[in-house]
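In order of appearance the chains are A, B, C and D, and numbering begins at 1 in each one.
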Amino acid sequence: MEELSLKTFIFYGFALITIASAFAVVSVRNIVHAAFALMVTLFGVAGLYVFLQADFLAATQVIVYVGGILVLILFGVMMTSGRLEMRIHIQRGQLLLGGGISLALLMLLLTVIANTPKWENLTDDGLTLKPTTERIGKLILEDKFLLPFEVASVLLLVALIGAALISRKEIRD
Amino acid sequence: MTLQHYLVISAILFSLGIFAVLTRKNAISILMGIELILNSCNLNFVAFSRFVSIPVDPENIDGQIIAIFGIVLAAAEAAVFLAIILAIYREFGSIRPDEVDTLKG
Amino acid sequence: MVVPLISIILLSPLVAFAIFALSGLAKRSFPRQDLLSTAAMLIALVCSFFLLRDVVPDPEPLAVDWVSIGEITISMGFYLDSVTVIMLIVVTLVSSLVHIFSIGYMHGDPRYPRFFAYLSLFSFSMLFLVVSDNLLGIYIGWELVGLCSYLLIGFWFEKDSAANACKKAFLTTRVGDIGMFIGMMMLFKKFNTFSLYDGTQDGIFTLAAAQLTTGDMVWLSIAGILIFCGAIGKSAQVPLHTWLPDAMEGPTPVSALIHAATMVAAGVYLTARMFPILTVSSSLVIAYVGGITAIVAATIAIVRFDIKRVLAYSTVSQLGYMMLAIGAGSYVAGLFHLTTHAFFKALLFLGSGSVIHAFHAMHSHSHDEAHADDEAHEHDDHSLVHEHGSEIPPDQDMRNMGGLRRKMPITFITMLIATLSISGVPFVFSGFWSKDKILAGVLGRAMEWNSIHHYILFGIALLAACITAFYMFRLIFMTFFGEPRNQEMHNMAHESPWVMTAPLIILAVLSFPVVNHLWFNKNYVIPPEQHHLAAPQHAYVSPDTKTGDANFGFSFFGVSDAQAADEAGGKNGEKADEAYHIHKRAHDIAMALSIIVAGLGILLSWLFYHRRRFSAESVATTFRPVYNLFWHKYYFDEFYDGVLVALTVWKSRLFARFDLSVIDGIVNGVSTVTRRVFAAFIGFFDNSVVDGIVNRVAEVTWAAGGRIRRIQTGAIQTYLFVVIGGIVLIILIFRAL
Amino acid sequence: MLLSLMIFVPLLGMIVVLLLPRESEELIKRVTLLFTLIPLVLAVYLFISYVRSAETQFDVNINWIETFNIKYHVGIDGLSVTLLLLTALLGPICVLASWRNIEKGIKAYMALFLLLETGMLGFFAALDLFLFFVFFELTLLPMYFLIGVWGGPRREYAAIKFFLYTLFGSVLMLVALIAVYLKSGDPGARTFDIPTLIELASTPGHALADRNFQIWVFLGFFIGFAVKVPIFPFHTWLPDAHVEAPTAISVILAGVLLKMGTYGLVRINMDMFPEGMAYFTNGKDLMGNSLAILGFVNIVYGSFCALAQTDFKKLVAYSSIGHMGFVILGLAAGNEMGLTGAILQMFNHGVISAMLFLLVGVLYDRAHHREINGFGGLGNRMPVYTGITTLAFMASLGLPGLSGFIGEAFSLVGAFDRFPLLTILSTIGIVVGAAYFLWTLQRVFLGTLNPKYEELPEINGREILTLVPLGILVIVLGIWPDFAIDMFSESVVNLSTKISGILGPQAGL
């Protein structure tokens, strides 16, 4: 058992929040509640990014996910149900089977993680990264990720247009 | 913090995402499950990039960039997904995936 | 000068033909093919006369290497001795005259240019045959004249009879040619060359002479007889003579040129050329074939009514005569008769052509139509008179003629001269001299060798001479004397134009013994030696053929007997002297007998057909079987058509059916059996196993599909369950492993 | 290099034709003509520049499949250059003959034809046994399609029959070929090279020179080639194939493909297995006379069968069987005259039968049937056609002065030296040959004109163009055969010394 420093404590806090809210996402019956739980999860992940010294990524996570995607989801909820509170109906058998499979998967992943010696005791103690924003900008815009970046931008464009097209009312015309 | 901490968190998120995808009867809930899965993946990328590259190149942040792309992907996906959900809703009057079964054999 | 001259002689008619052929290929026709061909022939004639000077006693062949394969060299070239030159002159002369005659005779024919082109091709081939120095060259010319004969007999090919006749002519002669070819192969096997004379390498004659001392006479005899087979075919000797009378379906000038004067005589020429290798036995075969032909053809000729057929059988008979002469060792006599016969028989044919021309001019300008029309008509009138294979065209039927001598004086007189010549009327006609020489030669050989064969042959020859005189005068009497039998036709008859009568007159002049000095001058034509006669295995005393044959010329145009005897005596001493005396005596007897039989024949003919003292019909009735035999031409055609041709056709059908049913049947049978046997097995296998499996699979698939389709719920989450569950399972399994 | 160029130019042509649009038929025909004219020009050049000797010339020898020591070895000697010339000459003629009467799929037709030409040219030039076999088979496939697709009403039957027959022969040949390869040396030193094999086979003591081995291998190759020639009783594919095939293909079939059989007999059977050859031609017993007997049977049987035919094309087909008999007889003789005659007859038959089939095609294009008895009196209506037909018939029936005679005569003269009786009997074929040709001539051209054909058009310029070169060859070779004989006399002398060295002078039947 390692030493319970502040940093460790905060880390565990974030981890707990993340996992607990994620559990809430999948378990609460009200879809709006679930959406808000998801927001908490996303914040938690952003916090974890900070622990991984990925500052830019953490910011992006908050802005894009919380500010963009989550709002989108809420819009979707409103537009499809007509009301914000919508009960989530779950069959028991499906729940059991899905839970079983998910649990099995989790067990599987955990055994893999525990049994891979290469991954044991890898720490980043005492190492601090320089702020990453500038480097990410350079990598994306003039280094090896230029092409993926462009492709991603095209993808976004296509998704934008596609989404607009699909959701149009007069689709047959 | 070791790599395994992050991996465990990521694995839990992933499993919860899968659970949502498999069991929810609402398309939007499924989307949320997918978001969970994507987040767990991004977390994995960043963690691996951070810890595994230390002996080689401590300043390597390739994993982060992949994660950024992942977020972009998630955004695009969410947009399209919701558009499709809207279209389906117009067509079937429902977004319950088990009611949308025109491909039933 | 020899080579250029011969080249001109050969090339000028060839060029005339080539111009026709090439213009035909371009679908045009050369405007005056008649004049072109005639001019070419006249050039050849003039050149032939020039060649007379170039004859040397023992010439070298002028040959070039034609084909050389390793050690074997086959040369091709010319051989020019006196016989060649005489043949050249005869051929070119008769050919030129026939060309001129044809300008009149063939006028208005739709294929007029083609006729002359064919004549040119024929002349070339015949001249090539004559000048060739080797067997292969002779054979080439030999077959080419056969082709021309085929083309010209079939010139009016619209007539079925002509189409049949030309085919028959070619095929019949081909049978003989095969014999000749086998003979050539035998000689080649023995001597490895086709050359007859010594050039750069030894020729057949020299090699054969060398061989004789070691002696394989049987081989040489067989080869000689086989080569003579070619002559049997081409010169229409028994038993291959049947094509020649049918060949009269061709235009009459063709009959005169090819089937009287030149091509048919080529057989005699060939036999004479092969004279040095003719052994005693092969000579005897030749003599017998000739003799039998002479008598058989003559007897058939008696009962013919078609003027051209009479002449055709007469030709066959005379050719037999020549063969008889050569077979009996009278080389010079045979060739002499060949030349005289060429002129007077050409004359007779052209004369008959003139008569036919006079007659059919009234019918129509187109020959073929006239023939076609009258054939059907003829059939009703003369159903009894059925010439085998063809009807007699009315313009050739002597029973429609009579009394033409006033209407056609020139034709009459010239034909009469020819008839007198062929009948052997003594002294002023060439035919007498040549025929007399043959008779004397045969009798001389008989007396000299005291050989019963030659006595028999002599008897046959005499009888044939008598019959010849008889039927020839029958022809003259029926055609030109008496009252016209068909007044309508008679009224229309007229004398022919000068282009036709002029050749008649020239040939009439040639029927007098103008060329005799060539034959009686023993230095001009020298018979080749027959070495085998000197060979030890022969019992016969060898006469020196040089003196033996050449010396009994009556001192009329040629050298005197005494002069010849002196030379012979000086050279050959006692033996030759003895032979000379025998031949002298034979000659006297033969001449007397020949005059008697000729007179007898003419007298009989006069009694039968002019004075009508006896009725030919009553004689025919009395000797019905004999008459029938003659009338049906000894049933040769019936035999050939009914047996040989039928057999061949039957055999071919049999072979074809065999091919179709047996060979092909086996092939198809194998395939069928293969299919069946496999089919039985595979059918079973297929039905039960392969098809069974297929059907089971189908059923299972069908049934499974019915069940499995329920898996396809259409709900995404079900699929996801399976996918993710599957992944988990797979990983678990692999982890466990 | 020139030789390879000649072989593969038609293949290039095929590719070009395949790239052309299907609709531009005139262009396709012209291009094909061009690509068949190029080999002709090259063949003429090779023919002229060929130096008379028994050595092969213009050799190209490069590795092809090294594992089995298979080489791309081509070269020509006097025999093959003559046949190459024939093949190259018939190429453009056949294209011209197909100009108007191929109604469907001209593109595929021309492409296949060009492929066929490559196969044929390659076959005659190949000096590697494997390559030889490859080219041999390469001709089979296009031929199958050309008969089976563009043929007459029973084309499928004929094509299958042709294919199976030839394949049957090929299989035996392949077995023999492999046997030769395996015996040619120790593993690693084995070879398919024909000149090398010939040399090994005449080296005393070598496995290939073993008499028994040679006899068996000879038989294997012989049956393979006998089907092609065709030799009785393997001939029944020929009439069917000919009757069904379009004109140009009949021309190729008779003109070239049959020669592949006899060429193989000379090149492989005689040259490589003289001991085997001697066993079948020594004239001592039945086996010793067998080859000559086959030749004799071919001649007489083919001729008689031809006499009975009423289908013009079938008649010509059977006459081919008869004429190829002379080749066999000449080869069986094995002496200089016989071999010269046989080779000459190959070439001449190629030319003459090509003419005959072209002529039949001309008539068929006009009257749309080939029943001999259904014509009559055409001589008046089509004089030029009649003239050319007469020339071809006369050449085929062996009229001296035309090429057919020389080959026949030399074969017979050569064969007479060794098999007098059989040769004399074979001459029956000459008479029967004359009989069926003249009879046909009479039935088709002579007599009164059949009123049905009063309007039959005369042969046109293009058709004359296809016939004239062949006609010229017929006449030239008839008058001056040394023109061709000179090319291969050295090879012939070589072969005959080899054969007679084993046989000695004795005669057979």
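One rule holds in what follows: a residue touches a chain if its C-beta (ideal position, glycine included) is under 8 Å from a C-beta of that chain, and two chains touch if they have at least 3 such contacts.
From a predicted model like this one, the values you see are computed outputs, not experimental measurements.
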Set of chains whose contacts include both chain B and chain A: C
Centroid comparison with chain D (C-alpha atoms), farthest chain: A
Distance from chain D to chain A - Cα centre to Cα centre, in angstrom: 83
Whole-Å separation of chain centres (CA-atom averages), chain A against chain C: 115
CA centroid of chain B to CA centroid of chain C, Å: 110
Separation of chain B from chain D, taking each centre as the mean of its C-alpha atoms, in whole Å: 77
Numbers and ranges of chain A residues touching at least 2 other chains: 94, 97-98, 101, 105
Multi-chain contact sites of chain B, meaning residues that touch two or more partners: 18, 22-23
Contact pairs between chains, per stated definition: A-B, A-C, B-C, C-D
Touching residues on chain A, where the partner in the complex is chain C: 94, 97-98, 101, 104-105, 108, 111
Touching residues (chain side chain B, partner chain A) in the complex: 1-9, 11-20, 22-29, 31-33, 35-36, 39, 42-43, 46-47, 50-52, 54, 58-59, 61-62, 64-65, 67-69, 71-80, 82-87, 89-90, 95-96
Residues of chain A that touch chain B when the two form their complex: 8, 11, 15, 18-19, 22-23, 25-26, 31, 34-35, 38, 41-42, 45, 48-49, 51-54, 56-57, 60-61, 64-65, 68-69, 72-73, 75-77, 79-80, 86, 88-91, 94-95, 97-99, 101-103, 105-106, 109-110, 113-114, 119-124, 127, 129-130, 132, 135-136, 139-140, 145, 148, 152, 155-156, 158-160, 162-167, 169, 171
Residues of chain D defined as touching chain C within the complex: 161, 164-165, 232-233, 235-236, 301, 304-309, 336-337, 340, 377, 379-380, 383-384, 387, 390, 394, 399-401, 405-406, 409, 412-413, 416-417, 420, 423-424, 427-428, 430-432, 434-436, 438-439, 441-442, 445-449, 458, 464, 468, 481-482, 485-486, 489, 492-493, 496
Contact footprint of chain C on chain B as seen in their complex: 18, 21-23, 97-98, 100-105
